[in-house]
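Some structures are shown below for you to check.
Shared chain: subunit A. Partners: subunit B in the first complex, subunit C in the second.
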Partner chain A sequence: MSHHLFLLSPSDTPLYSLTHQSTKPVPTVTSPLASNLPTWSTSAFAGTLTALSGASSATQTTSGGAVRVGGGQDRHVIQMIANAGLDVIEDVMRKENTMYLKSVDKFNEWTVSAFITPGNMKFVLLHEGKNDEGIRAFLMEVWELYVKTMVNPFHTAHTAIRSGVFDSRVRGSARKYL
Partner chain B sequence: MAYAQPHPRLSVVSNSSHSSIDHLSPTTSSTRFSLPAVPTPQAVAKPAANRPNIYDRPLNKTRNAEVSASAFAFLFSEIVQYTQKRVSGINDLERQLNTLGYRIGTRVLELMVWRSEGSSKTPKRELKLLSVLMLIHTQVWKAVFGKAADAIEQSVENADEYMIIDNDPAIERHISVPKDMSQLSCSSFTAGIVEAVLDGLTFPARVTAHNTPITQFPNRTTILIKLEKSVLEREELLKK
Partner chain C sequence: MATSSKQYKNVGEELWKGRSEKINAELFALTYGALVVQLIQDYEDYDEVNKQLEKMGYNIGTRLIEDFLAKSNLGRCADFREVGEVVAKVGFKSFLNISPTVTHSGPPPPSSPGRPLSNPSISQATAGSSFTLTLDENPLAEFVELPEEVLEGGLWFSNVLCGVLRGALEMVQLQVQADFVSDVLRGDESTEIRVKLVKYLEEEVPVGDD
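So, the complex of A and B:
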């Protein structure tokens, strides 16, 4: 099971991203494709998506012969799902007053959870399966690390986070909680 | 990777002192007759070990720490002088001070909320304009100046204007503005902090500072918040 984390600045610039392969066993979610797909994806964007996934190596053909879109581990598909989730996140964050927004969006097997810091940074996490408590704890640790980064006077809202220590700390808590 | 390195200035200081000790001390004769310029790995590792990485420092350690008022007054006076040399006119100077304050404000907001909500299981964000203004009036002022602001008012004429009033702003306590610059309010720095906090919480506004002296409080300053239209429209929608 893999996790994808993106840190986005208030102007939606990606500052940091992480792919984490979890070793923990997951209760596999086996729900039919149709129920997993959001309604819009079958209509307006279906053509684009098929084309997109057609270009990727990881397009899987299910037993029914239907093409399973976005199911691969391809970077651009993952990024697209995360970006698409932003719309929903921005809708939800106007109404919900919690920083941790769990499972705001779903796309095939991917669930999108988010964490909004007071400074309007968005942490977007793509995950499979359900692990609310673990994800919350993980995102809280990422927040603490982010606060430590941003109080550094040399950091601005648009500088990508390239610190090796930050990276290893985030990976550490990913191993712990995800 | 920049964080893994110690502060460049400190590392220079400690490296040079370290190597000079090497040269003077008779016990370390190994470097005496060789090229001295190359720092040994130990010499690099040493300052890093003394000075913890920023990710190792607990954020709550300095929670109740206080800064010397005279040190701050000195620093702020230098900031104003430095800025004044590089601008043309009062408006420009106020804008520069505002920008400097903005950089503080983004950090104050994130750190302050982390300290209050970081240990909570369900950290909350503020959604309502009024609670955000109260947050600035009390929490932000306490975090920055050690006491809450003296008043918060809504403008009678304009619904999109709010005012935060400080009777004796700490940063202006040791500043006396010359007569020919009487429009200048050094609290533009504070206005920048407020603007950053509002921006961060997605309540964009234009924030300015104005001198509004009264007889008991000659330093009284008003921080004027002029909210963007979109904020008020959203407030209306939220009420429904």
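So, the complex of A and C:
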């Protein structure tokens, strides 16, 4: 099961992204929508859907030896889902006051969970299946790591986060919670 | 030595506790960090930034020593070794609340006969003695992570401390050279400052006094 994490500035500039392949077993979730689509459908939208739903659990190995997640093959689709989720996030943001907004959007089997920091940074996590507690803990930890990065005088606010330490710590946290 | 190492530790503790105005460590670290980053942007040359930090430290040190001597009431140090002890255990403790460890090293073997010391009350320590302060924590660099280009550029982030040491000791007639040897921010094992005695300064008549 894979997860995609995006850290977005208040102006929706992506500052950091991570794709994490989880090793934990996942309860299989059937996506009702995909099954409704006739397989002979040739529309681009349907093609995308089937590619997504079919590819979500498949991993392919490229010639370079890197493991590529099936969803990553349609990276632009992932980006699209994340971006689409932003509108929903902003709606929910206005109503609720909490930081962790659980799952704000669902696209087939991909759920979008969001976390808004007091500084209006958005952490968007795309995942399959349900893992509320784990995701909550993970996003809280990402928040702490993000704060530590912000306090570094050499980091300019709202620019891409390129710190190796931050990256390795987020990966470690992902391994722990997701 | 008249005063033992343990006594110095206690004096340091007392001075730290006795300070009525302390500053929040985070604020201090953030302020210093912003200062360094701004200097880098202004000068764009890491050697120059190191020099400027040292100069700033020098100015701080020349004033700091007055405060230190007034509060601590310590007498003259017998030799350079004692200077090292006092700086580490009383100085750093009372201002930064850290206790660096000191390692002393004597002067390299002289190639020429030792010159007579003008100040008779200081004993045999010759120019060239040094001590190394090993800081196991550095409140200035609390949240700092140096990016690539800074690492390659050769910045010593806490260079202001070297300046402070040079300035303060110059006011008590000791001319020293203080430099960073290693820094954990740069990926080294530990943070070390080496303070080397250049010479004892003679009491000079202030310029323009005659």
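Definition applied: the second predicted complex is superposed on the first by the 137 of 178 C-alpha atoms of A that agree within 3 Å, B and C clash if a C-alpha of one lies under 4 Å from a C-alpha of the other, contacts with A are read in each partner's own complex, and residues count from 1 in each chain.
One rule holds for everything that comes next: contacts are C-beta pairs under 8 Å (C-beta built on N, C-alpha and C of every residue); 3 or more make two chains touch, one makes a residue touch a chain.
Everything quoted here is computed from the prediction, not taken from an experiment.
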{"item": "Dominant contact partner of subunit A by residue count, subunit C or subunit B", "value": "B"}
{"item": "First, second, both or neither for A:F154, with subunit B first and subunit C second", "value": "both"}
{"item": "Which of subunit B and subunit C A:S163 touches, first, second, both or neither", "value": "both"}
{"item": "Which superposed partner A:N83 touches (first subunit B, second subunit C, both, neither)", "value": "neither"}
{"item": "First (subunit B), second (subunit C), both or neither touched by A:S17", "value": "neither"}
{"item": "Partner chain(s) touched by A:N97 [first = subunit B, second = subunit C, both, neither]", "value": "first"}
{"item": "Intersection of the subunit A residues that touch subunit B with those that touch subunit C", "value": "148-149, 151-154, 162-163, 165"}
{"item": "Subunit C partner contacts - residues on subunit A that touch it in the complex", "value": "148-149, 151-155, 162-163, 165"}
{"item": "Subunit C residues touching subunit A - in the complex, by the definition given at the top", "value": "26, 30, 33-34, 36-37, 143-147, 150"}
{"item": "List of subunit A residues in touch with subunit B within their complex", "value": "10, 93-95, 97-100, 116-120, 136, 140, 143-154, 157, 162-166, 169"}
{"item": "Parts of subunit B lying in touch with subunit A, wherever the complex brings them together", "value": "1-4, 53-55, 57, 59, 103, 106-107, 109-111, 113-114, 117-118, 121-127, 200-202, 234, 238"}
